[in-house]
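Got a structure for you, questions after.
Naming follows writing order (A, B and C), and every chain is counted from residue 1.
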Amino acid sequence: MRFTPSANDDRFYEFFSKAAANLVRGTELLNELALPDADVQSISERLIEVEHDSDAITHELYNKVNARDATPFDRADIWRLGSQLDDVMDHLEAVGSLLYLYGLTTLPTLPREIHEIVRVLDQQARVTAEAMPRLKTMTDLREYWVECNRLEDEGDRAYRMLLVRLFSGEYDALTVLKMKEVADELEAACDAFEHVAHTVETIAVKKS
Amino acid sequence: MRFTPSANDDRFYEFFSKAAANLVRGTELLNELALPDADVQSISERLIEVEHDSDAITHELYNKVNARDATPFDRADIWRLGSQLDDVMDHLEAVGSLLYLYGLTTLPTLPREIHEIVRVLDQQARVTAEAMPRLKTMTDLREYWVECNRLEDEGDRAYRMLLVRLFSGEYDALTVLKMKEVADELEAACDAFEHVAHTVETIAVKKS
Amino acid sequence: MRFTPSANDDRFYEFFSKAAANLVRGTELLNELALPDADVQSISERLIEVEHDSDAITHELYNKVNARDATPFDRADIWRLGSQLDDVMDHLEAVGSLLYLYGLTTLPTLPREIHEIVRVLDQQARVTAEAMPRLKTMTDLREYWVECNRLEDEGDRAYRMLLVRLFSGEYDALTVLKMKEVADELEAACDAFEHVAHTVETIAVKKS
């Protein structure tokens, strides 16, 4: 089935594109953690702002879904895609907040596996942001979800090696517990990107 | 679309109302933890009884959904709402059981953030119990899910501050680990209430 | 509604049967952990192979679902069932990998509750593998999901007692953290089997 997007439909694609572009802002902020003299408090505060922007986008999307207007694909799928994009941001924001709240910024350096996972997240954000506008024509989406899932595997391996390091005896028990919380949020963000990809796949399969 | 509930439909609304009222019994029991000389063993045992009641209600609902009778909204949504209400109770029961099993009752006091989350849960239970009978007429449900989600945010902030306290060095590592398990169940209960609210929102949007 | 499976449909039932039979291979490998002088590295490596086989089966199923052919039940349910069977294997594989990566094999023995949960998983795998071929005729599925859920409860109780032991002071904090990761994967595998059972129940209810 081929289909012609209407002007009304365009609004939906814009929401998803804006939401995903906002995730790139989030992962760019986390990337700053790898800089020498990274200012974790400032990173955390800017992440909170970016998260508020995500909330506003999601809220606007929900209002539009709940309106009587026609939707370009199932209301439930639009809802899910919007809320899953928002979930990613919640985890990105949590990474910044926990690093700051737990005072992990006083460590000389964060384990390098943390930066590895952040780089994976940044790539996931970029492929997601590039894919969202293609929902309109349903073209070249397969390569996106395959790549997003491949990145999730890569993030998963980095996460496992991070835990091996944390449990190696290099850090005291409380520091391990704090870092573990941060690691779990990073891994949840990788997973959350995969959930987005999964929903895009479901939508694409229904439309094909 | 306006719709007229039938006598058969009424049975479904009663199930949801009973299930949610049972959650209030659960959160009231957790509230007792804040009392001086709280008897954690007794609280835990009574929570197990309340959980058995929830199981019985859910089981009866499933039987009714699986029967050939007409349902007031999608079978899948009824199933989901029933199982999500049951999930909340599982987490409430787990809080009591873990506090008791881990012997955390020998601590002079629990961190106050635990009581804060319990108060949030109690409010979530109350707004949920008040909303369930309104499923019948689909009126004033929006304020419920907005409030339930707002409470979840509040619980989330209290959970974060609880972890900051647990990781502060005030407790030894094993006590931290035990409390962390309890904290995670409390937070999962807050989330589980939000999932209920989300399903109610989905049902209401479909009916509107 | 009675229905007649077509030759095309048969292919779907074969996928589910193969995927579930593969899970039995996975739990049998975990059972070897209880043997004296268990070779954890070898168990872990063989689990990775079995997991790759699961991935291949799932991938083939997805291709078939995405093709234009008719499906014996909702595409979304086939998708979900396939991905949930695959999820179980991911957790089984993780158990082996973490035991090996964390060097837990140098402990004289693993806590017996770990073997208890493995036995529960093995039984869940067997009842699942026996049930999958019955999807074709939709007969005697109820006893499967009831038993699978009962086993999940049993696994849950063993998991709780495992945590009580881990937090008892018998192990140092880092060993507790490592074992906790393994325990969480075991419990996630029990849950993942329950999710499979839940989807089978949903499918059966729709068909009835």
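Note that contacts are C-beta pairs under 8 Å (C-beta built on N, C-alpha and C of every residue); 3 or more make two chains touch, one makes a residue touch a chain.
This is a predicted model, so every value here is computed, not measured.
A.B. asks: List the interface residue numbers of chain B and of chain C, divide the shared ones by all numbers used, and answer same when the ratio is over half, different when under half.
C.D. replies: The interface of chain B with chain C is built from mostly unshared positions.
A.B. asks: How big is the rotation relating chain A to chain C when the fit is done on Cα atoms? Please round to the nearest 5 degrees.
C.D. replies: Fitting chain A to chain C on C-alpha positions yields an angle of 120 degrees.
A.B. asks: Calculate how many whole Å lie between the centre of chain B and the centre of chain C, each centre taken as the average of the chain's C-alpha atoms.
C.D. replies: Result: the chain centres lie 28 Å from each other.
A.B. asks: Which positions in chain B touch two or more other chains at once?
C.D. replies: 173, 177 - these are the residues of chain B that touch more than one other chain.
A.B. asks: Quick check: in the complex, which residue numbers of chain B touch chain C?
C.D. replies: Contact set of chain B toward chain C: 65-66, 75-76, 79, 97-98, 101-102, 173-174, 177-178, 181.
A.B. asks: Under the stated contact criterion, what part of chain B meets chain A in this complex?
C.D. replies: 160, 163-164, 166-167, 169, 173, 176-177, 180, 202, 205-206, 208
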